[in-house]
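I am attaching a structure below and will ask some questions about it afterwards.
Labels A, B, C and D are assigned to the chains in the order they are written; within every chain, residues are numbered from 1.
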Amino acid sequence: MIRAAVVGATGYAGAELVRILAGHPGAELTAITSRQYAGVPISKVYPALGGHVDLVCEAYSPEAVGKKADVVFTALPHKLPMEIVPELVRQGKRVVDLSADFRFRSAAAYEAAYQPHTAVDLMEKAVYGLSEIYRKEIKGAAVVGNPGCYPTSVLLPLIPLIKGGLIDTGSLVADSKSGVSGAGRSPSLTTLFSEVHESFKSYKVTAHRHNPEMDEVLTREAGDPVHITFVPHLVPMNRGMLSTLYARLKGDADGKKVGQCLSDFYEKSPFVRICNDGRIPDTLHVRGTNHCDIGFRVDEKNGRLVMMSVIDNLVKGAAGQAVQNMNIMFDTDETAGLAAVPYPI
Amino acid sequence: MIRAAVVGATGYAGAELVRILAGHPGAELTAITSRQYAGVPISKVYPALGGHVDLVCEAYSPEAVGKKADVVFTALPHKLPMEIVPELVRQGKRVVDLSADFRFRSAAAYEAAYQPHTAVDLMEKAVYGLSEIYRKEIKGAAVVGNPGCYPTSVLLPLIPLIKGGLIDTGSLVADSKSGVSGAGRSPSLTTLFSEVHESFKSYKVTAHRHNPEMDEVLTREAGDPVHITFVPHLVPMNRGMLSTLYARLKGDADGKKVGQCLSDFYEKSPFVRICNDGRIPDTLHVRGTNHCDIGFRVDEKNGRLVMMSVIDNLVKGAAGQAVQNMNIMFDTDETAGLAAVPYPI
Amino acid sequence: MIRAAVVGATGYAGAELVRILAGHPGAELTAITSRQYAGVPISKVYPALGGHVDLVCEAYSPEAVGKKADVVFTALPHKLPMEIVPELVRQGKRVVDLSADFRFRSAAAYEAAYQPHTAVDLMEKAVYGLSEIYRKEIKGAAVVGNPGCYPTSVLLPLIPLIKGGLIDTGSLVADSKSGVSGAGRSPSLTTLFSEVHESFKSYKVTAHRHNPEMDEVLTREAGDPVHITFVPHLVPMNRGMLSTLYARLKGDADGKKVGQCLSDFYEKSPFVRICNDGRIPDTLHVRGTNHCDIGFRVDEKNGRLVMMSVIDNLVKGAAGQAVQNMNIMFDTDETAGLAAVPYPI
Amino acid sequence: MIRAAVVGATGYAGAELVRILAGHPGAELTAITSRQYAGVPISKVYPALGGHVDLVCEAYSPEAVGKKADVVFTALPHKLPMEIVPELVRQGKRVVDLSADFRFRSAAAYEAAYQPHTAVDLMEKAVYGLSEIYRKEIKGAAVVGNPGCYPTSVLLPLIPLIKGGLIDTGSLVADSKSGVSGAGRSPSLTTLFSEVHESFKSYKVTAHRHNPEMDEVLTREAGDPVHITFVPHLVPMNRGMLSTLYARLKGDADGKKVGQCLSDFYEKSPFVRICNDGRIPDTLHVRGTNHCDIGFRVDEKNGRLVMMSVIDNLVKGAAGQAVQNMNIMFDTDETAGLAAVPYPI
């Protein structure tokens, strides 16, 4: 059994980690921490877990966590992980960090989007945890920087086509839409029910921090500088994320080649479902699961490819992909703990 | 392995049966039927199931179903099951019927609420599948009449207190609220998004067919005629049901005795969680699960007990309880297939 | 023109007052105040108002407000109005207070539910602003205590029947359901979108502060002590409130007499619509309006009357009724500013 | 007083016309028709209207409608208006048609997207009712083809910039999102609450019939063939539409010039609000109103302009713009009947 700890277990992503790990057949959830709820059973914070998870939140201590766990999931706001992950690595722990702190290879790019980084060496050695793309590197990683939810939904559809030379990397637009749980559990005016319900809006237009994260990975995969225009929107729903992607097709690329390229690329990736039959992806089809469904159409009149990808922002966009990465790191079946039959609605 | 078939697999309750049975460690889902979608893979009807369930819907035939299954779940509109269940029983199959056709012991009561019954003998022998109350009878039953969602949420809190003599059965009121999935998947004006969203209303006030179902069971348990005033409401959410119950306390009954009575009664019932710590039940705490959470308060000023019970109408209120009943019938662990760690939100 | 000021204009009820008064044909909105947004145009706080209302929020000063207004609406949390209303009254201003501070006649009752009252004299002289019931008193009032949203929805259906002797005042239960806007605009965990969506729950069961408010008015109208069992619930919608009321019919009272009594009572009350044709009230039918729709059914089996009333919690439950009271106080058409044709959905 | 009739008054757009016209200070709603509800008071179909509109739906007859009205609004599915509008025009009536039948100038374009047109002559003479753009032509029109909701939200932001030469018409993408009321009131699986709630999806990707409508107008305004890539999405909300538009800036165009161009163009258009202060448009800000709010940002890294426009799909996207067109046709104040102060939330 893999012994796992969750640091920051009471945010939405942390609680989702608790859910998945507590039901994981090859892992044991041995410790959960929370500053705000230290001493409180997690089932008091999330009564749904009553009778299922009897762990009590503890205040974080590197020693206690290190003693109990082989792998540590850090589900904290950025800036905190860079302070605690180095010590965990020194103890020989493997870490999956769900913040932005270990997602970038370029310190300059990180610091331009966030703030000064205090563990640049470790950051440079960390592996970007986009499971389907970086399996080999993840396997041996000490620290995995788990991808942002938006980048996951944008990169999975685009990377195969970029590598396959099917799309023009100078033409990329990502129009993304996210459920409200992505904004986290801290009370704020912008996520109050009455402000979100019957509301649809964009935010941080062309200025979201997930944009440079996408750009770095796209650039790496393309071998040339890539900048994608990225506009996130807030949808009055809880879980779910959809990205609509626009790109010019290159040369003689067409819908058939796009479908073939995606199907081939993800042939051995059980969580990615390519909608080759024309099905339109719907967030409801992936709710509560680790799937990413990808559909597409070609606008024949101007040779523009439209792709639609959906994920559950808390699962494939956060906790689920983190556990998938743990499975890869520990050479377990990649779907372990993530294989439950999805809810039909 | 228990071989199970679902007749009527494409309605919401049927699809939920598919989900649970496809993930059940001790059962094998061998056949699913649908009039409307015969020949269509269930994963085309519910794309969420893609990659998880590869069964194709077939038109119903008693021979085909009988050959493939030990237990048959009939998830059809009332009136249809009474026509097909007798033949299945003749074949020695065990049946869990999710319609109203086998819930009543009194044909007169059934016929007053529904229409003439064509299998009265079988109906009278059937067992009411309120799992926690009728375990012993369910175990040996050929046919289980799976309870309605409203009766489940109303009876589980009331029966222990009635049997314990704590409440006045002449004073009962059930004010119930249901998510929209309870209305099923047939398109109708009343369940259109634009008619339900930002709408809250009662319906079939004191005239709902689940009322005589409750009355029959309450009367049986009380040993005296009981009629509960029952008012259902429609909540703009998908899954979830809450019943607020009002009853006069009898004699020296108080909150402490109520809590004790409920805790004792459900001590060995893992799906019923009594909120003795004052927690207020919330449909979100049981979403997607087979739990029934029960909370309560006493209005000291007039000696009235208020109870709140929540279930997921498609799980404990339909498919989940049906599988729980199958588990009881086949002497399996009662929680098999129903034990997944719940989603925190 | 009546010159009106709104003190506390940026909460949901305050903003709704701004909307109604800015469109009122017989009133002029001359001043709006806000502690948090002093100096900020209201159209920055609520961009919907852009191009319609160009007032700037000011910090509250009794002199400034007194100079500009004949009537002052105080839309502040309880405890603040008792501090500022006396001075406004001394200036000869008429006041409609939307908090609880001037709703009670009994200081003891107020102080048991809230905290010590520092303006008891004024409180005792204030008039309870349930417009349809206390028109005559409101007309001459210096201070109107605008009713709570729950009491409005509970008292309007009950009072005519109590006065008509049709129901047993010892048997009253109010099971009420409110949209989330009733909880106000201050960020809190309990009103975050992700905590409310797909959630239905009761709260403050038998312990809500609107309960003694109802009891005081019911007692006054009945001429005998009345205590109603009151349970509020939170509905995942924005605007709207429904109360389901239960009472034993007295003597030979029946549905017809109930309908007649209500129709007669509210014959000259344009905002109250009695559903004598069997229509079931729906919050969607009163959304954005000052209406209260009242429907009813009799449970013949046990002689229990069930009534359903719906209001928009921010309009008839707050700002709309406040303006209706202003209209009464200033001898204007009672519907002025409140007569817009409602949205069909 | 302008005498107005609504043909097809019980669909969502028709009912919204009833609401607006019944409250219009310069118009009198004299007749409403409905095939399905002939003989039924509109307040039975939409109880919100009770006490406000006492008209009874009648079966359509050209004589009856012609006798009662000066202007006729046809709110019917496409193909029906082309059959009845010619006769109304012969009677000298002026017509605002809310279907697609009179939106196109090119019969070939219409017929490619819809079906054969039986009143091509009239169609060619009709005026496209995008009020802010075609005021002059609308004024004298016998028949106005009221724009589709999507085209309204897409064309209002783009046309000024195209005419101003600020954007490359070969680079246009419209990623649009609509509330569910746009799908109408006919029951269908795709608009059931349980299928829409917690769901977000695209539909008719690059294949929506509003695409050729946009293309024809864009081409006319640009003076050169334009094709915009258009992808609509369905949002789990009732009213509201947001279009996110992407275009390459031309020459030295920048954000400042874009803002100036839009502000100048719409200086005398009270319903269009340009967010020059950086405000992000939100469907909640225009809910229930005839406004179109337009915001924008420039992605400096690749010179791409992002525009966001929001409307209420039933008002500016349908009934509101239709009444605005009537106002223009009858030389009334353009905002008459449409000037109510918006709801803050």
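Definition applied: a contact is a pair of C-beta atoms (placed from the backbone, for glycine too) under 8 Å apart; a residue touches a chain by one contact, two chains touch by 3 or more.
As the structure is a computational prediction, the values presented were derived from the model and not from experiment.
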{"item": "Both-way neighbours, i.e. chains that touch subunit D and touch subunit C", "value": "A, B"}
{"item": "Each chain counted as touching subunit B and subunit C at once", "value": "A, D"}
{"item": "From subunit C, the most remote chain by mean C-alpha position", "value": "A"}
{"item": "Between the pairs A-D and A-C, the one where more C-beta pairs touch", "value": "A-D"}
{"item": "Copies subunit B and subunit D - rotation angle from C-alpha fit, nearest 5 degrees", "value": "180"}
{"item": "Approximate Å spacing (C-alpha centroids) for the pair subunit A, subunit C", "value": "46"}
{"item": "Centroid spacing, where centroids are CA-atom means, of subunit A and subunit B in whole angstrom", "value": "37"}
{"item": "Centre-to-centre distance between subunit D and subunit A (centres being mean Cα positions), rounded to whole Å", "value": "39"}
{"item": "Where subunit C touches two or more other chains at once, by residue number", "value": "12, 181, 194, 197-198, 236-238, 282, 284, 287, 345"}
{"item": "Graph class of chain-chain contacts, one of line, ring, star, complete, other", "value": "complete"}
{"item": "Partner subunit C, residues of subunit A touching it in the complex", "value": "12, 180-181, 185, 187-189, 191-194, 196-198, 236-238"}
{"item": "Subunit C contact footprint on subunit D (complex, rising order)", "value": "12, 15-16, 18-20, 22-23, 46-53, 181, 198, 238, 270, 273, 279, 282, 284-289, 291, 293, 340-345"}
{"item": "Residues of subunit A touching subunit D in the complex", "value": "170, 173, 175, 177, 179, 194-195, 197-203, 205-207, 227, 229, 231, 233, 235-240, 242, 244, 246, 280-284, 287, 297-302, 304, 306, 308, 310, 345"}
